[in-house]
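Chain nomenclature is as follows: A, B, C and D, assigned in order of appearance, with residue numbering initiated at 1 for each chain independently.
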Amino acid sequence: MSLTEQREGIEAGRLDMFVDGAFAFILTLLLIGGDKIPDSTDKLLYMLGGVPAFAVCFFQIAFFWHGHVRWRKRCHSADSTGRWLSLLLVFFAMIFVYPLHMVYSGAFNSLSGGALPSDFQMTGGPADMRALFVCFGFAYACMAGTLTLLFLHAAKSAAKRGFNNLDARRELRIWSVPATIGLASALTALLLPLSAPGWAWSIPGFMYSLLFLIGPVVNRFNRRYAPA
Amino acid sequence: MSLTEQREGIEAGRLDMFVDGAFAFILTLLLIGGDKIPDSTDKLLYMLGGVPAFAVCFFQIAFFWHGHVRWRKRCHSADSTGRWLSLLLVFFAMIFVYPLHMVYSGAFNSLSGGALPSDFQMTGGPADMRALFVCFGFAYACMAGTLTLLFLHAAKSAAKRGFNNLDARRELRIWSVPATIGLASALTALLLPLSAPGWAWSIPGFMYSLLFLIGPVVNRFNRRYAPA
Amino acid sequence: MSLTEQREGIEAGRLDMFVDGAFAFILTLLLIGGDKIPDSTDKLLYMLGGVPAFAVCFFQIAFFWHGHVRWRKRCHSADSTGRWLSLLLVFFAMIFVYPLHMVYSGAFNSLSGGALPSDFQMTGGPADMRALFVCFGFAYACMAGTLTLLFLHAAKSAAKRGFNNLDARRELRIWSVPATIGLASALTALLLPLSAPGWAWSIPGFMYSLLFLIGPVVNRFNRRYAPA
Amino acid sequence: MSLTEQREGIEAGRLDMFVDGAFAFILTLLLIGGDKIPDSTDKLLYMLGGVPAFAVCFFQIAFFWHGHVRWRKRCHSADSTGRWLSLLLVFFAMIFVYPLHMVYSGAFNSLSGGALPSDFQMTGGPADMRALFVCFGFAYACMAGTLTLLFLHAAKSAAKRGFNNLDARRELRIWSVPATIGLASALTALLLPLSAPGWAWSIPGFMYSLLFLIGPVVNRFNRRYAPA
């Protein structure tokens, strides 16, 4: 390894350490902040009722974290664009974690007919609903958008050095899907009149169901065009 | 190293960093959440009374963490099964930490005749006892079961590549012991009638005493079949 | 690699891990401590109003963290001066984080005419203002000064080994700018009479605007004298 | 590198990551737990009054952390003794952090004649004093003792492999000093009659002043017998 490469390796490694540490932190924030340590069996059972929402949040954020890991595999160099976009991803994740948890614990609470508890009460009716979906959608779009920009940057710098950037461009297309869905859901919630019927408010929520398509798509792409 | 191997090394390294950071976090959660900073000598002594329970929790969770370290020694590659099972282990550890602490601080409290303090009061009698043992046993089985699956995966992928997978299969058998004990204890607690006499409720607890067999077994296996 | 070099690599790597982990922590402290988890949409919107101040703090501290990363690129060896200065940087960052957040959330609150919320109320008039600017300026000067000393140390040890220390000396000059500005702002705030008119209190604040010059300067230097 | 060495490298590296992350955590615990985020200038100034005590704690714990880093330089292999002693060090550090902070903030409070604030009130007179010194001395002895055992283990395993273990034996002697002082101070406090005059209670405290001898001693040893 030349000296420059080694230096880049150190800088890239430390950025990764920072990102990994921050993501590990963000996930535990959900636990620290959301619940006091239970001091009776009832409170323990109440806390365990929040596990499904916690699980979805956990794997959602782990999914974004893994996006950053995949980005690093495509882009080994340490330049300032990659650095600031990575820090931006951590920053959005820190903000994202609260609306994410609120949306999921509210959703599990209403889907289970109140059997699963939720610290979050939605008392304000449609205005509340709109605010929540706009926050969530916008935060979602920010995170997926940052990852899209990271892969765009990886694709560009690979092209500049004359490397194959098929993988980076494929990931770029994949991450642009959740970014677009998040933005579309936020806009839908913003444009829905407050007098819309109750069922209409589930539209921005159901738009996220399209995301479950990404998992198989990623795997299929990865398997078909695996780095030889 | 070929390029693919190096990429796998980066991904595996970052997963490890994430897992290590999260486990270091989980252990300190016990401290942050459980006690306010003591502001008088009495409170300091009260806090120190909780040290035995904290010690058992600490080394219990460190034992699971070390299970993941041992898994990495058997399975260097970074594939999606290993990744999601590792994240699942972190997820279960985050949930596991509270019932674990409750059970141990309760146990030390009653074993010491109340000399060691416990924030957790068990007021509900047998129903409380049952809930606690079911939570604990199930959580225990989940964590050990995830490690069993990790080693199963390591054994399978070693076999597929034509490598020796004796170690991985041995570890797989070792970890299936606590998984089975946890599940058995949870089921025993679930099936015990609430009218059972007081001593009967110690059965699911004593079932865990079989675990102390694993330590020497692991060491013996490791020494006999140490990687040459 | 000789054995000594390898040992130094381990020690330097662990110092970096410590610094990175601590900085990732410090950033999340802003989140943990400052806001309870919102349990209603109103509180969520209130929390989101604090995002601009959080963003400025986040990138400000990330800037100092990156200063340490850049220092490591200039100084690979692990000696006790570098170690204690690095620990000093973490120490100042831990103290710095609170006045930093107070100043920025106060500034965004007053710039937005109260639209952006601030937990921090400045009720004491000029005396309050002075205390805040002195704390902030002094903390700022401490952090930037520690980085200046780190680069001074890197330049000296490079010179001693007969290496090129142009980069280290350049960084040294760059970091001495915020150190000087912070000190000058703190002194200005300290020397302003309490009877000074209201606009005079914005002087120590505006002195920080000179900092925005550093970014382009650093990039220009880095591009012109990039390590070949 | 042979396969075994590489595997040991991975395990040792992950243990180090765990230890570094946990120590970074422990230091921030002092900040999280001890003070609410200040929301007025008065509270900020009050918090800054706690900085001297925080500084001493920070560098005290960083000193123990650095002891572990130095141990790793003497002992590259990953065996179960080294692992459990490292985990024990983290465990003691987690418990140690509270009495450490109490003692120092109390000391700065009384040395400054109350000018530096302390959350900790010592109302119980000599009995309080005794409890505090016993806790502190015992915790101190535990941490330094664990490091002594780590270096003892390093010296033994170096001897077994036929390597030079001069460094490890030297460090072993160095760390046994604080272990002995801590134990002696705890015993002195325990044996002092409660009716002893006020000045007598400063004896266990002043015994720690002998520790300042270690710094120069370590440096001198390191310089004289530096690894060639």
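Please note the rule applied: contacts are C-beta pairs under 8 Å (C-beta built on N, C-alpha and C of every residue); 3 or more make two chains touch, one makes a residue touch a chain.
Just so we're on the same page, UniProt names per chain: A, B, C, D = Transglutaminase.
Only a predicted model underlies this, so the values are computations on that prediction, with no experimental measurement involved.
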Interface check for copies subunit B (Transglutaminase) and subunit D (Transglutaminase). Shared numbers divided by all numbers used: above half gives same, below half gives different; which is it? different
Please indicate which chain is farthest from subunit D (Transglutaminase), where distance is taken between mean Cα coordinates of the chains. A
For subunit A (Transglutaminase) placed onto subunit B (Transglutaminase), the superposition rotation in degrees, Cα atoms, nearest 5: 90
What whole-Å value do you get for the distance between subunit A (Transglutaminase) and subunit C (Transglutaminase) if each is reduced to the mean of its CA atoms? 28
Express in whole angstrom the distance between the two chain centres, defined as the mean CA positions of subunit B (Transglutaminase) and subunit C (Transglutaminase). 40
Mind pulling the residue numbers of subunit C (Transglutaminase) that touch at least two other chains? 17, 21, 25, 32
What residues of subunit D (Transglutaminase) sit close enough to touch subunit C (Transglutaminase) in their complex? 16-17, 20-21, 23-25, 27-28, 31-32, 36-42, 44-45, 47-48, 51, 54-55, 58-59, 62, 65-66, 69, 72-73, 219, 227-228
Touching subunit D (Transglutaminase) in the complex, subunit C (Transglutaminase) uses residues 3-4, 7, 10-11, 14-15, 17-18, 21-22, 25-26, 29, 32-34, 80, 83, 87, 90-91, 94-95, 98-99, 101-102, 119-124, 127-128, 131-132, 135
